[in-house]
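In the part that follows, the structures are each spelled out as structure tokens.
The same chain A turns up in both complexes below, where it pairs with chain B and then with chain C.
Presenting the complex of A and B:
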């Protein structure tokens, strides 16, 4: 059985159900790298360029963890997943960076994902990937269908309020299951909107278990994945100029949408040191929150040196402040 | 309307010519300096790239001189430059600085909006006058490029490079002041005449290609005068990109078939096989190109956290491995110090020299 390795990093968090279903249906065995740990991160730090951001370094680590145990590595060149917007230059050069810096790399499945001109779709991308595995056409078509069904179920679960890891590990259950409703405002429990790239906030190691920590402080955590794409497009469309980073647009759109719903006590923006788009998107959000005056906003920056104690102190101070604000 | 615009090397000369010919009243901020950087750094996002910080400093300094409108270029990514104007507008608004932003976005098919925006800028000028103004600005950019490339070529070759720099500055001033084609041609012609008799050194020169992010390549403040330091160390520097190429590509949408960087996309393959924003692919392509031309080394400059250049830098070790060309990368921002940069340059030049000697010996 052909083994296809999927590194647990970057857009794994957005497209894993799609990719897993496709390759499984194609008759391949999908191997995911282990959850991030010190060894994975250290290997990434040694092999990636110092100047790259934490999630890219970590991705190198996950790729290294798969070498030797897979026949192919899935590293699509993610240029753009919607018209006139990109992901990030580092995603666009990812397969090239890996090839230049990691010896003995297994063959990469590095099909271009570029929907920036309004043409192209996942079906075409998956078909190209399928052809690399030399599958026959009917099988590819069928695998495409299962993949897209799996991905839309995943989206549905996210929009119903399940957190991404819950949707990935099956805790969200079958289609139609509603997540228990968040506590009402004023109940002494906080509703916190956590913004940040999925590959940062859901990686328990590099986010230092941020979501669990917030929960243990009595907070209900919601993320941008909850907000449907149409709402994000609409809200981010109020900016004077269209944002050309898909992930940045998601953060801005979700933040605006959360404030419209008005049931959030505070907002945390987690970004990684050296992230280009976030340096501007985070700035716009911080300025916007400051002008509104009604939504407490805390930016957090992580890198490979961050210590948990500093993070915990800031979280405690933030939640204490929110609770006091709610009482007053 | 008192309009200002950010500095990028000698770009101010071409833009000033354009605006004056359009009947506008440009306010040129003082050359980018330590003060500019401090102003920008105080108000810009900490992790924004260096050019944004310097832009902002330029605007605030121009404001002190009475400017009320800012002319900026735009773009649609994925490099951050395309969103600079949006962030800068918000920062100025929060600072209570009443400056209007006029952003020239590349006409992406939407000619109606583009025309309307251009019209708001050019006022009553006829399109013919606009065209003439653009053409004149273009000639100025070409004249600046001619002076700069001569300076880069001659600086390491002359016994008195400082004398050359003085002649160059005077020629630049005359190009800036020229009011018509004739004045331009005279300024360039006299420059070429003046430098002809200068006494030259003998001996072989090291040749280094300068690649990287365009603003950092073109703006001496942002690259801490790297071309000059290399030149004074006796190294001939060749740039991968010149001002007129940037203007053609960024503002004319590549309409003019001059110079052009297209061939660099081909030489970038197989190391970097996709557009990665900014000039990342050109950086890799130019490095391969310089290696093929027998250059001794390549120096890459980029702002700290510059995404396209980080991708390019990531693949450069593979270029070095295959083509045997040493590279040295600098990430620059307000924290950089000139002594550290010069030390690294000296070490690099020593290495290149030793390498060349070794090769000569092996050749014999």
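Presenting the complex of A and C:
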């Protein structure tokens, strides 16, 4: 059986259900790199170029973890997933960066994903991938259908309030059931909106277990995945100038939507040091969210250091403040 | 008398404040250098306090804060372990109940706390960069061969403070050397440095915050008249420096302990013998998974008081310790 490796990083967090269903249906075995640990990160830091960002370095580590155990490596060249908006430029260069830095790389499935002109779609992309695996046309068509069904179920579960890891590991159930409703305001429990790239906030290692820490401090955590795409487009459209980064747009759109929901007590924005788009998006977000509503907002930055003390102090101070505000 | 002890162990100083039931300092607050040995500094402080107490004096509550609050809490048996933001806010409000802004600049970190009606509504701490904190002032005073206590007075003699690039202390230092070689006077350079540090603080920590008077300035750097003058000039407002400006964290921790004592019976305080108990600390690398966490263990004779540093919690002594891993 052909083994297709999927590194657990970057857009794995957005498209894994699509890719997993497609390659499984094609008769391949899907191998995912292990969850991030110190060894994976260290390998990535050694291998990647210094001027890239933490998540890209980590992606290198995940690629290295798969070498030797897979026949193909899925690293699509992600340029754009919607008209007139783009993914970060570092994602475009990912297959090239890997080839330049890592010897003995298995063959990459690096089909271009570029929907910026409004012509491409996932079916075409998946078909190209399927042809690389020399599948027949009927099988490819069938695999495409399964893949898109899996992805839309995933989206549905996210919009019903399940956190991404829960939707990925099946905790959300077969068909999207509602997640237990968040507690009402004033109940002594906090509702916190957590913004940031999915590949940062859901990676327990580099986010230093942020979501669990917040939950143990009595907070219900909601992320941008909860917000339907139509709402994100509409909310982000209120900015005076159109944002052309898909991921940044998602964060800003979601942040604005959260501002309009009274239930949220505070907003946390997690970014990784050295991220180009975030240096602008984070500023825009902080300023415009404040104009919308005086919602407590805390930026957090993660980098290669491992000490969680600084993070814990900030989270404690933030939740403390929110609880006192609620009481006062 | 019933007394409440507050302990603040920071990177640079270890402070202890003992309060009477009315919340006034019972003894002169202690400000000791941590010098990289928090346990030693804490024990020294406790011994000094113990020697000044009479027979009827009884500690009825202990609070700990600062970056080593967890450590202090375990060693002393604290009733409250709180983050620095909350502790500093509580102390500032005690001194000036109508305070709306707290500026705190310490040895390695700096923070801003925005208060409205006695509640923390916003705060920020410096990020990974320690530029513009006490350590840098210390370092420059040493380089210029001026005792740090005279630093502030010297800047008061300035006629035309020079402009120094304050964005990064590495740049600031080379700029200062350049100015001094050009023939600028020492007071002008020192005053320029204070202004640069204030600019840095306001642009980083204070960015986007609604800084309104009354303003309280605390932390070790508040001793520096030059910094205070530069802040007043830049903010166009009068700034209050509390009498116990350099131990406000410990003061706040003691106040929190006093509040806590009203809600609980008895105290966890382990007694003054803590000052002479032999504690052993060691750290080791856990081999149970590739994360290779650095675990810290604090022991008193043969009894393990605490362990931390592990991501998964397997070394926690209160939970289910993984006996197999203990036998490494």
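Definition applied: the second predicted complex is superposed on the first by the 321 of 328 C-alpha atoms of A that agree within 3 Å, B and C clash if a C-alpha of one lies under 4 Å from a C-alpha of the other, contacts with A are read in each partner's own complex, and residues count from 1 in each chain.
Operating definition for what follows: contacts are C-beta pairs under 8 Å (C-beta built on N, C-alpha and C of every residue); 3 or more make two chains touch, one makes a residue touch a chain.
Only a predicted model underlies this, so the values are computations on that prediction, with no experimental measurement involved.
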item: Clash or fit, chain B versus chain C on superposed chain A; value: fit
item: First (chain B), second (chain C), both or neither touched by A:303; value: second
item: Dominant contact partner of chain A by residue count, chain C or chain B; value: B
item: Touching partner for A:86 - first (chain B), second (chain C), both, neither; value: first
item: First, second, both or neither for A:51, with chain B first and chain C second; value: first
item: Partner chain(s) touched by A:105 [first = chain B, second = chain C, both, neither]; value: neither
item: Angle at chain A between chain B and chain C, C-alpha centres, nearest 10 degrees; value: 80
item: Which superposed partner A:287 touches (first chain B, second chain C, both, neither); value: both
item: Partner chain in contact with A:273 - chain B first, chain C second, else both or neither; value: both
item: First (chain B), second (chain C), both or neither touched by A:139; value: neither
item: Which superposed partner A:244 touches (first chain B, second chain C, both, neither); value: first
item: Touching partner for A:149 - first (chain B), second (chain C), both, neither; value: neither
item: Where chain B and chain C come nearest after superposition, their Cα distance in Å; value: 5
item: Set intersection of chain A contacts, chain C complex versus chain B complex; value: 273, 287, 290
item: In the complex with chain A, residue positions of chain B that touch it; value: 45-49, 74, 76-80, 82-83, 85-87, 89-91, 94, 103, 271-278, 280, 304-308, 310-318, 331
item: Touching residues (chain side chain C, partner chain A) in the complex; value: 67, 82-86, 117-123, 125, 127-128, 208, 289-293, 311
item: Of all residues in chain A, those that touch chain C in their complex; value: 37-40, 205, 209, 273, 286-287, 290, 296, 301, 303, 305, 309-310, 313-314, 316-318, 320-321, 324-325, 328
item: Contacting residues of chain A [partner chain B, same complex]; value: 48-49, 51-52, 77, 79, 84-90, 92-93, 95-97, 99-101, 112, 239-241, 243-245, 273-280, 282-284, 287, 290-291
